[in-house]
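So that you can tell them apart, the chains are marked A, B, C, D and E in the order they are listed, and the count of residues begins at 1 in each.
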Amino acid sequence: MASGFRTHDQAGPVRTFFAWLVGIIYFAPVFWIVLTAFKTRADALAIPPKLVFAPTLDNFRAVFFQTSTTGEVTGSGVWLYFANSAFIAGSSVLLALIIGTLAAYAFSRYPLKGNDTYLFVILSTRMLPPIVVIIPIFLVFRLTGLSGSYIGIILLYTGFNLPFSIWMMKSFFDDLNPEVEDSARMDGSGDWSVFGRIALPQVKAGLAATSVFALILTWNEFIFALLLTGPETRTVPVAIASTIGGEIGVDWGKLSAMVSLFLIPVFIVTFALQNQLLRGVTFGTVRK
Amino acid sequence: MNELKLTGLTKYFGDFAAVRDVDLTVKPDEVLCLLGPSGCGKTTTLRMIAGLESATQGAVYFGDRDVTHLPARDRDVAMAFQFYALYPDLTVGQNLAYPLQAEAPTPAESADRLARIAEILQLTEVLDRYPHQLSEGEKQRVAVGRCVIRAPNAFLFDEPLSRLDAKLRDEMRGSIRKILATLDRPTVIVTHDQLEAMTMGDRIAVMRDGKVEQIGRPLDVFERPANIFVAGFIGTPQMNLLKGRCLAVNDTGLEVDLSGQMIRLPSGPFATLPQTGAEVTLGFRPRAAARAQDDAVSLQAARVFLSENMGAETLVHSDWNGQNLRVLAHGPGHPEGQVHDVQVDPADLTLFGADGIRITRKSDKEAA
Amino acid sequence: MLWPSSRTSCCATRIACSKPMEKAVNQATLPPKLPPAFERKVEVRGFLQWINAPERRGALLVTPALATLFLINILPLLWSFGLSFFNYRANRLTAPKFQGLENYTDLLGDDRVWERFVTTGLIVSSSVALQLLIGFGLALLFAKKFPMRRLALMFVLTPMMLSFVSVAIFFKLFYDPTLGMLSWFISLFTGESFALLATPAGAIAGIVIADAWMWSPFVMLLVLAGLVSVPGYLYEAAEIDRAPSWKRFRTITFPYVKSLLLLALLFRTIETFKTFDLVFLITEGGPGSTTETIAIYAYRLGFQFFRTSEASALAYMILFVVIVLTSIYLYVVKQRNASEGV
Amino acid sequence: MTRFSEMGALLSATILAGSAVAAEDITIRMAAPDWGPTRFMQDHANETYTAPSGNNVKLEIDFIPWPNFFDRVNASLNSGEQKYQILVSDSQWLGTFIEAGHFMKLNDHIAEDAELQAIIKDLHPALVSGYSTYPNVPADKIAEMGNYAPDVNYYGFPQFPDNYFTYYRNDLFCDEGENAAFKEKYGSELPCAAEDWDSVTWDDWGNFGEFFTRKAGETLAGQMLGSDFYGIAYQAGKPLDFSTMQINAFFWQWGGGIWDEANEPNAPVLGVVNSDENVAGFERYLELLNYAPPIAKTGQMGIFEIQDLYMQGKIAAIIDWAALAAPVVDPATSQVADVTSFGMMPGNMLNGTLDRSANLGGQPFVLTTWNDDLVVAEALDLVKWWLSEDTQIAAVKAGGQSGLTSVLENPDYDSWAPWNATYRKSLPWQKDLWHVPEMFEMLTQQQEEFDRAITGQVSAREALDAVAEFQDELLRDADRLQ
Amino acid sequence: MTLSLSNIHKRYGGLHALKGVHLDVPEGAFYALLGPSSAGKTTALRVICGLETPDEGAVTLFGQRANDAPIQGRGLAMIFQSFALYPHLNVRENLAYPLRRSGLSSGEIDKKIGRVAETLNIQHRLGNRTDQLSGGEQQRVAIGRALIREPQVLLLDEPLTNLDAKLRDAMRVEFKRLHRELGITMLYATPDQLEATTMADQIAVIDDGRIIATGTPQDLYHAPPDARVAQLVGSPPVNLVPIQDRSTAGTWLGFAQLAIPAPEGTVCAIRPHDLTVATGEADFEGAVVLTEALGDVSVVTVQVGDAQLRTVLYGADAARVRIGDQLPLKINHAMYLPAAQCAQV
């Protein structure tokens, strides 16, 4: 609106200035981390803090290439961890999405007796501090022999992502107009076809949002990744942790480089999914 | 009490002219309905009166006072919003009393006014409820009540009935009229429903594309629509509008060719006459046919293709030389497929010139 | 308008001349053909059909999810529930011994446990309060449109996307009295270095600041959702009703934000209750045990002291708290969804 | 529970049996902290190791971040995944995992294998005591027995022996101006050469601390200081065992000590842990923190924090592990790489001698219990390879330390790294923390109490009383104390 | 009968939505199901098309029991109140969806789509997403999608509710035309009596889960079976006057005497159109309390005693009336109707 008394949805210059100022201040620590990724150790720890410095790419090199004790490049750094992260997170998210979407559709369209109780229990299990469930999970893994295997950690993450997927997808299914699905039934589609051809395509955005948020949660998960994976199945967060407490304490540069690298995809995805963000962070319980 | 006056009121949103050069005066005891299809600028006009929107050009006066550049809070107007705008956290009573805080009457008077309004609007029972506990009709009444509890410079209503279902709308029209009758301030109602405008307004301003097409008392507008647009917009079922060409014009009569059939009209009643060969449009109301006298103009051999049973009356749709005729008949009317003649009194005919503007009659002045 | 008005007359002609679609003629004259359902007899047989029956559809769809959850979430919990009645240590070869409620009574009678619950409560309440305050402020600031708001919002939202570990490590560096920026900044004014984590209050503040920095954006998101859901006409109505700005806030803005604020409070309480990494890495529970939360204690109990069954019992006590909080949360969600139509 | 573990055992037995058929290919998996000495072990094995048995043996190390190493190892062992054949264990964890049945007792194998006996005999007794024996046998007894006695239970071998000592700035300690000023104030010289540190006491250490603590704007070795500078630092951190490691040294040097697990169940706690000697030592320890950087006040002054501050040129002298020395002399990471020298940790005059007792660091590696004979044999061969002279020399040259007397006595040993001489001279003074399974609870509580004292919430005596009381009760409950 | 329901009961949890519905729809009929909201209209339609299974009773289609017949085989099509277009498909795909399993070649499908699109004048919109269409266009797509399968019965669930008033008027005519052209059976659920009376040749009035009357629009207007039905049919709504005194001689309404005696348990129903300004002798006089002038016709409410009566005045009469006037009124026609169980809306 060009002019007028109407002011309730447009910020004035003062508010704009302050909003940006606060945004920048808020972002400063993150910016600092990104900056540190390009610093030498001395620069990183320099006080007063250095804003002008000679940038180095050594930290990123250290992330991607492993050097032997004699300094030669001997390995490919964290690639295996990245691949593991991608594979484990990817398959568990996919599995949780499939199982969770089916269940969410059922909870939304074919309410069972005690529907709310199921949903409540499902959510409650997810609200537990991981540290509390880890002991019993150990015991179950010991029983099933799943410890250290890909299947074990994938199943675990699937179980972890399920409550989220179910709640999130249910909220999307609840938003659909059920008459559209009835209409498809009238048009000759069976229930499975209605689900696959009509309901599912309508929640594509939901599937994307759910998988991305589940992916972020899984991707970031540390304690189970550390405790329940073996050398072959270890993931990125563990790699990040190994930059803390080697013979040099915290490897500030390498840590920052890894954190920054990790932030890029998350930042982009979050930016793209800004409209779904609220639903994502509240398990779909808050929609608008 | 002061009248409300708009002079040359204009509003541009970028290049788009939402309201163009509107002049209006609303007397203190008068209800004016701004009527028009969606997007015609009626709501923008109302918002400019309220001070929620600034005017690009022109001025708003309360009496002699120019308030064009005052924000809403300094204009002292009361307004009921289309979506009611009830404060969700306040009870009905608190909602109603809300605007009184700025007016600050004595507590006794506040309570008195509240009780009276609640009584009139039958809200006494629900004064302690919250908006989300109310039915649609109750919400609407609270919105109206919160407006009329005040003694402002003007009352403004934005589509007050649009959210109610048909039945409730019928009922509320009456109640609102009764309340409006008691207000002695200029009152403006915005509506897209001609029925509401006809029944609630002392005068109607029909708007199209940001311009006022006609202002007048409801019956005047109904009987003497200024142009084809107004004619088509006011009245239901819609006026029949038949296109034709003027073949001959003389002192005794007009000869109009309507889809091949020649119609003769006496020219005496018309204040001006169209040129020979000019395009004209003949309009008549669907009910006119029912009361035709002997000297009526006859539209012959219309074939009925649809009869709509409307209870006591029947709306008969006929095809007459490729033009659509709608005629309201008492009782069952003509069966479908039948061919019939449609008779219309010349007095019930409205003639529009090539520019779509009504050709005035000599009798217009007396009627007005 | 099924037929456009320009064509009305010609259509009317078509009907008048009774020239209906060819189809209509065929159908009207032919005897009704039975629809396929009546020609084909559908027989319901076999397990697949049984399981696929509509009345079992819900159960069928939910089963894989419930099975997975049972294996990963429920079974371990039941197991540890059982374990919590035994005396068992994961680092001993001796078999578990049943001892009834002893673990629970021991824990409930243990001052250290209560102390940790109090510490957790202190950290949770101050952190959540700060989050609400900052989040609310941020939301008010970001409620209106301005150039590149999406990007500015992203700047604020980023902390939420970081891992606890990196946030903790960097905040610890920021707090470092010699190498940290906080101390440097304060020393610009005082000339003295500043050791925030040296006192219990400072250590709690250190944790709370980091946690609040990370999670205020979450509150902001919720509040923002409330703010943008306030219909503009309400503010206009208040303008017309000449309400002062504080009153506008109280009667319009706040009601719309209130339930979301409550949700934020509960959700963050539950989440902050779980906080482990952040506290562990910033203070390791120190100075002394003044910042040791219940989650850390549960960890120590299970992983360092090998009091496996006692840790299980503590886990159940935490579960109880979480379930209570979650129920309140869902209750509020339900209330809010119910009254959404206002 | 037993049923399940049997099932697990059966399961893994079949798997292992399966691999035993193809006996030529054997992978020995080892859990190890992710740092230089273990990386070296992996690289060096890849390059040089061939199994004497002729089998194709491969060492595969699972590198785990050190701060999480215990969590992971603990989880792995207790989850029954039986993933590792060898693992690095901190010395004090021995009791915990031995009593849980995870670590293999090696006596039979050592008894049958002269080569292993030779290695044990060649090891420094302090390391045998700390890294291998459970129940623990003190170093002096081990030395008396010539390291090897069949009635001592042997479990581990040194993977990475370690001890702590002084890192100091030779540009400051050897600066003439500073030296003159110091002498004027304290009447003694600053220790410039490494040998000068052999006679340094904690009193001197305190003097260094006081002397070198300077404010921004003051001069240091002729240079104007841009920021505050600190004299001394040693471990005072709540995480892990940081404070305990340093404080134990003070206990011992002041003539006190910790609960003597070797004399279980007759060794008392009360009156020992909170003895006057211990209180005096602890008080001294706390007093000296006044000259440390302000982070000491937060109870977060761990080994990495002091390393970082030192490398940033903020401290004149610190006490830290040999394991952390390499980055300090590396110009890429350290601003004081060129001006750093190493000397012994200060000592306390006790009964006429300068006592330098210190807490042993480093880690042994152990075999796990679920391996079949073949794997055990190959794993022991691997141990022998690692503890062979050639391998040890290579490891030391790559920045590690050795525990073999033969290697330590190599005339060139001191020249392989600037701190080697100091490490070697410090070794005889090493004693270790408890190894019993109750260690974690004792340590956690003790760290907490020490932290209270360090952050000024309680006095040294109050802290030690609380520690003693807790340990007494805990050990009584565990029947380790009568 | 093309379609009939007998004694249909349907419960949702505690809600008894249909309480024994009987309905017979003859072939080719334009049949309206008229009732206020939540009377059970939609549930009845859903039971017919198979989206809901009745708890009791029989659904008969084309003379055969169809309770268990699969939805897709019933030969029915339905137009939903929300139009229920597939939001993820464009207009062409929406129209093609019902033909997916028809076994038609893509050429034939295209042809059919073309024909329907042309008839409904949406051919220029085929490539558009449905959310880019206006309300009227969406309505046409919904109709096209229902018709493309050439169903023998078309069910319509309040199809005009979501359209604005002007469009509604136009669409009424179009539905009527469609019915005539296709010659198929239509069952039309609506809460709007005008839609029902103008379009349908048969109306079933449903209220509270029961069919309370069936008949032609004329029947229901002129001879409703009870007061409730009279209220639901006709606009402005019927005047219901309680009877003060019944005797064999006549009936006393409290303000007017009627010659014909009223049976017990009835109320007097007077259509507003049947109440006219008396030219000769008046039955009674009423004070005007409200006039609604709609141009050439006015609805005038008069107060007489306790009763408020509405009357419809035409032309000249209407213009003269002012609030407060005493109007001499004549009852041209009155009905005695049994008072309905649920009298007030």
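Basically, a residue touches a chain if its C-beta (ideal position, glycine included) is under 8 Å from a C-beta of that chain, and two chains touch if they have at least 3 such contacts.
Only a predicted model underlies this, so the values are computations on that prediction, with no experimental measurement involved.
Asker: Which chains, taken as a pair, are joined by the highest number of C-beta contacts?
Answerer: The chain pair sharing the largest number of C-beta contacts is A-C.
Asker: Taking every chain's C-alpha mean, which one sits closest to the mean of all protein C-alpha atoms?
Answerer: Chain closest to the assembly's C-alpha mean: C.
Asker: Which chain is most remote from subunit E in terms of Cα centres?
Answerer: Relative to subunit E, the chain with the farthest C-alpha centre is D.
Asker: Please indicate which chain is farthest from subunit C, where distance is taken between mean Cα coordinates of the chains.
Answerer: Most remote chain from subunit C, centroid-wise, comes out as B.
Asker: Could you work out how far the Cα centre of subunit C sits from that of subunit D, in whole Å?
Answerer: For subunit C versus subunit D, the centre distance works out to 44 Å.
Asker: Between subunit A and subunit D, tell me the centre distance in angstrom, where each centre is the average of that chain's C-alpha atoms.
Answerer: 39
Asker: Could you please state the distance in Å, as a whole number, between where the Cα atoms of subunit B are centred and where those of subunit D are centred?
Answerer: Here subunit B and subunit D have centroids separated by 93 Å.
Asker: Mind checking the centre-to-centre distance between subunit A and subunit E? Centres are C-alpha means, answer in whole Å.
Answerer: Here the centre of subunit E sits 53 Å away from the centre of subunit A.
Asker: Listing for subunit E: what residues touch at least two other chains?
Answerer: Each of 72, 76, 177 in subunit E touches at least two other chains.
Asker: Quick check: what residues of subunit B touch more than one other chain, meaning two or more?
Answerer: 51-52, 71-72, 317 - these are the residues of subunit B that touch more than one other chain.
Asker: By residue number and range, which residues of subunit A touch two or more other chains?
Answerer: 6, 45, 47, 241, 244, 250
Asker: Within their complex, state which residues of subunit C touch subunit B.
Answerer: 8-10, 12-13, 15-16, 231, 233-234, 236-243, 247, 251-252, 254-256, 258, 339, 341-342
Asker: Going by the contact rule at the top, pick out the subunit B residues touching subunit E in the complex.
Answerer: Touching subunit E: residues 165-167, 170, 173-174, 177-178, 193, 195, 198-199, 218-219, 222-223, 234-238, 285, 287-288, 291, 306, 308-313, 315, 317, 332 of subunit B.
Asker: Where on subunit A is subunit D touching in the complex?
Answerer: Contact set of subunit A toward subunit D: 40-42, 45-47, 68-70, 74, 138, 141-143, 145, 147-148, 226-228, 230-231, 238, 241-250.
Asker: What does subunit B use to touch subunit C in their complex?
Answerer: Of all residues in subunit B, those touching subunit C are 50-52, 71-73, 76-79, 81-83, 85-90, 98-99, 101-102, 131-132, 146, 303, 305, 317, 319, 322-324.
Asker: Taking the touch rule as given, give the residues of subunit D at its contact with subunit C in the complex, in rising order.
Answerer: 1-2, 71, 74-75, 78, 96-97, 99-101, 227-228, 230, 238-239, 293-295, 297-300, 305, 308-309, 312, 314, 437, 440-441, 444, 448-449, 451-452, 454-455, 457
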